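One chain, subunit A, links the two complexes that follow: it is found with subunit B in the first and with subunit C in the second.
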Partner chain A sequence: MRRTHWGRWIGVAFILLWTLIPIYWTINTSLQTDAQVTSRPANYLPPTPTLQNYAALLTADTDTAQAMRASIMNIVIECLAATIVTVLLSTLAAYAFARMRFRGRQVLFYAVLATMAFPAYTTLIPIYKIMSWLGLVNTYTGIVLVYVSGFLPLATWILYNYMSSLPRSIEEAATVDGASRLKVLWHVVVPLARPGIVSTAIITFLFAWGQFLFPLVLSSDLSTEPLTVAIAALQGRHTVPFSLMSAAGVLAIAIPAVIALLLNRYIVSGLLAGSVK
Partner chain B sequence: MNSRTRALRIGAGVTALVAAGAALTGCSSTASGGGDADKTTGVTISVVLAVDPPPKATLDQFTKDTGITVKWSNVDWDSLQTKIAAAATAKTYFADATDVDWSRVGQLAKLKWFHPMQDYLNVSKLKGDMPQLASFTDDGQTVGIPFDASYMVTTVNKKMFADAGITTMPTTIDEYTADLKKVQAGGVQYPLNIPFAASEGLSTYWYETTGAFGGKVLDGAGKPQFTSKSSPGYKAAEWMIGALKDGLVAPANINVSDSQGMQTLMAKGAAASIFSDYSGNVGSLYNVPSSSTVTGQVEYIPTPGVDGVGPNLTNADGIGIPMTAKYPKAAATFIKWFTSTDAQAGFAGADGPSKVLPSYALPSRLSAVDVLNKKGSLDGGDVLATLLKDSKPVFPDGAPSWYPEFSRAVYTNLHAAAAGTMTVDQAIKKIADTANQLASGS
Partner chain C sequence: MRLFGDDAITSSIGNTLLYVLIGVALSTVLGIAFAVALQRPFRGRSAVVAILVLPWALPGVVEGIIWVSIWDGNTGLLNSVLTSAHLIDHYQVFLGHNQLLTVFLTEIVQVWQITPLSTLLILAGLQNIPAEIYESASIDGAGPWGSFTRLTLPLVRPGITVAMVQAVIATLNVFDQPYVLNGAAATGSSVTMQTYFVTFQNLDFGEGYALSLLITIATLVISFIVLKLVYRPVEF
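Now for the complex of A and B:
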């Protein structure tokens, strides 16, 4: 028994170290100058902590800082828009699949879920062609549409599980009182499913935040380029600005980290929804 | 309308959307270019490279002279290759002028993703002034024009060599190896930097070392030239792995990439030499006080060879015009200007800091190098100019179209040999097997 207890703690400690050491090292590097970062032996703590890299990225009047500011704004806009549209559509779809009975419901539902099995990369070229044909390359609309199409199946599945676990009796009572489908959805189901909707929104936002390949291909300048793409562009031809890229990395993980820490319980409940009947 | 009917309508709508999407995928347009392709003035072209833009005043002057406005995007090299491939595969416009890496020339020429430059510029006239142009030509098709002259070159920390009592620089590999041992005995624990991380830098290091041993990696048909134990390629691999096993290279180098080694070892005085360094690093890295602790100490030397000075192999970056460009003629006008003698000399600092292109290594034109040398604005200019004149393509008959797969086999297996999970013999055999397989098209 005691051995199990220790074993668990060793396992937890290992996973924590495995996860946190790279993040710590990124923060440590971001607080040093390039000269300190490349000195030997390595500095396990910043010898003279400095915020100069953050200043260079956020407040300086340079092309790099302008690119960073624009890309931060872009990523926030794209992620929020994708989250809102995804949650809206997935709520409607999940409700239909969970509560309505129509021919082909099962087939359609599994077809939607099956799209999650396709590696996203296989759709890159067709999506690029479609977006180009529609004139949506290098637009917020194009990037948001791609995010929505990518995240909608997962969001629908999470909300389907959540809504399926809600008691039908309250909805039936509202229907008996004369409420329409949409009224039942809006006034009864949505309030009850709020934790599930919040978790879906968080998961969608975090997934959208981490995107790289699709926005790389679909954006061509700083009018739409998100932070993840802009960070890669910091790399020089023959040199790597370690401390600057680390500071940009810290900025990139700051918002999702705060969201994940503050709203952790929603994420877990969302992912576990429907797993226990 | 009952819920079932409504649901059916929703289902029909979804089906229609899916069908429309599929139809669009199948029938989307090809290149976005068209009637405006011949325009050479009054247009805005998109230039996407893995370098920062030239100073605004320089680009403004180009616009004033030609009527062509340049929209510049800096995308890191790896991401840029993805964008080029995605756009070409989808036959979609993304830039009017973009990167052509020397290693992709065979692939790009075969796939016809770029316009032949001879359709727009007098390429044969350029040859005499641009020794590296050969690296951008495959099967008579010039895919891009080198805009700077990156090539592999040996650098040494002369102070460390002098501290070890070495005043005459080595001209052969045997002398070089013996000198490194003297430097080590003089107190530099690991005098040689070889980037053994499994990445492209390890492949190019081997190519350069193979050249120094007097050979080449592949013949014109793509057949491996390094399988015999007496071949230069085999000896080069043995020398590199031997340097690690003998302690001339730090054991930690097993995970060090090329740029990492330059920045953290050579520039910090932890290594005394890089056999296959980048031309331009002395001026842009080792002599920059904010990034180096060895300013004024590192110099280029003619690459040591078997019986004397060896060759220098080219790994230059070029610029070309994708097939999907909207304004290929305007892009050609830009490339002509961007690679001109005046522009290149200016980018390298001949006209003062206001015209410098950040991270620009060395002009690809001999005439521009001459301009810089006459003005004394090139670190190690005399040596670099001579080496540039004699620099050679890694693949004299053009990089094979399957180069990326071959390079992956090279760095994966040499890395494994360095890590001790296979012998040099096994690594060479695996690389050769891959080359043979790729060359035969199987």
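Now for the complex of A and C:
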């Protein structure tokens, strides 16, 4: 199979260039001054690398910097809360669907799965109406509830597949010893299902971090606006230089990029458990 | 029927169909190519997969911002490279003038985001193919291209189907990338963007509902067509 090797290496080189050039370009732009960014031809390396754009976004005493700091806080709080609640509820739901027999189990399970076939934005207008009726627009509770309701079906499906593949014998032994359902779940199933739970948590967190249209509609003022919405507003002004925009971009991709690179195997296994079949 | 009389909405429907066509075709072709490149184990493969997945994990809005600085007419990377290579005489404005070019360049950004998942889905299908099938094919005299078209492609059809359906759903609902790259300009506007403008800026909730129903039905119909055309059960 020697002759096929060059084809593979061209493919691998293309994957790396296609993925990394745009990210490199943003980092490169973020380390230049406004004047350097306008040079023709462009600077392929920052001529005098500077962190001034990051300082202008993070530590300056301007409206822009205040909005950035607030929106970074908001996105972290909303993503963590959505992840914790989703993982907790989907673990309970997946266990019930995988192991318990109750009336309406199948109908309920298919109903949960069926919601995944519809595009998420279908629910945008009804959700907005419900949230304004409940007075939850521009609150953490509101946006977290929306994220949880959106991510719960996929999370339940991934964990259901994971738990169904675990051997029943250990659980049965624990039940015979007199442990309650919840005790079995907590002391036996959760430790065994840990890789699946970690995958679910990471994928949920990354989905929440990437949200834009829902928070654009539901949490668009400084008290709850996440980083994605704040950055789009910054870019929408058209007067913000690319150097500053790029630094804001790097801030918004830093956390998901590190998670994706370090915890990659959990993402891959979770995505495959979530979509194949 | 009010929907089809409105120019902004008619052009957004045309744009969205182009987004779907370009996005599904490109992400599937790239997904297959990337998956084949990663099919056999080699040293460093898991690092390449980790890098490959990166665009999937990043927010669409920020990917729009990243690519604006590549496509930009005054300072963009593309202009700089094309000018240095003497392929164009002077800097060009790529976005916002020509409809097809605007949609194409905007969709590239979304393809960048959705191709990792397509690749993983197709790669998972490839790894289910037993190695003996390739061995007996090469004994029968099939070259690399022959075994790709006559073995790999037919055997990985279920994976390709799932990849194409996720691409259909993502592209039909495209919002973040055209919102950042074009703003409200009609040249690249999608139906989901129109839904947003109509509902939350003009406050016409009825028309907004109608548009989002249109997208839902289109998603189900096009996904079903892809399923019928591409899916074939496979047994090893």
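Everything that follows uses one rule, which is that the second predicted complex is superposed on the first by the 266 of 277 C-alpha atoms of A that agree within 3 Å, B and C clash if a C-alpha of one lies under 4 Å from a C-alpha of the other, contacts with A are read in each partner's own complex, and residues count from 1 in each chain.
The definition used in the following text is that a contact is a pair of C-beta atoms (placed from the backbone, for glycine too) under 8 Å apart; a residue touches a chain by one contact, two chains touch by 3 or more.
Note that the structure is a prediction, hence the values are computed from the model and not measured.
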_With both complexes overlaid on chain A, does A:96 touch subunit B (first), subunit C (second), both or neither?_
first
*Touching A:268, do we find subunit B (first), subunit C (second), both, or neither?*
second
_Touching partner for A:221 - first (subunit B), second (subunit C), both, neither_ = first
*asked:* Contact-wise, after the overlay, does A:130 reach subunit B, subunit C, both or neither (first, second, both, neither)?
replied: first
*Touching A:113 in the superposition: subunit B (first), subunit C (second), both, neither?*
neither
*Examine A:198 and indicate which partner it touches, taking first as subunit B and second as subunit C; both and neither are also allowed.*
neither
*Touching A:63, do we find subunit B (first), subunit C (second), both, or neither?*
first
*Touching A:232 in the superposition: subunit B (first), subunit C (second), both, neither?*
both
*State whether A:84 touches subunit B only (first), subunit C only (second), both chains, or neither.*
neither
*Superposed model, subunit A: greater residue contact from subunit B or subunit C*: C
_Contact residues of subunit A, present in both the subunit B and the subunit C interface_ = 38-40, 124-125, 128-129, 213, 216-217, 232, 235-236
*asked:* List the residues on subunit A that touch subunit C in their complex, please.
replied: 1, 3-4, 7-8, 10-12, 14-16, 18-20, 22-23, 25-26, 29, 37-42, 117-122, 124-125, 128-129, 206, 209-213, 216-217, 228, 231-232, 235-236, 242, 245-246, 248-249, 252-253, 256-257, 259-261, 264-265, 267-268, 271-272, 275-276
*Contact footprint of subunit B on subunit A as seen in their complex*: 34-35, 38-40, 63, 96, 100-105, 108, 124-126, 128-130, 132-134, 137, 181, 213, 216-217, 220-221, 229, 232-240
*Contact residues on subunit B for subunit A in the complex?*
3-4, 6-8, 10-11, 14, 21, 24-25, 28-29, 32, 46, 48, 50-52, 71, 73-79, 82-83, 86-87, 89-95, 150, 259-260, 262-264, 267-268, 270, 278, 280-281, 284-285, 290-291, 293, 317, 359, 361
*Where on subunit C does subunit A make contact in their complex?*
30, 33-34, 36-38, 40, 42, 46, 48-70, 72, 74-77, 80, 83-84, 91, 112, 117, 120-121, 124, 144, 159, 162, 166, 169, 172-173, 175-176, 179-180, 183, 192, 195-196, 199-200, 205, 208-209, 212-213, 215-216, 219-220, 223
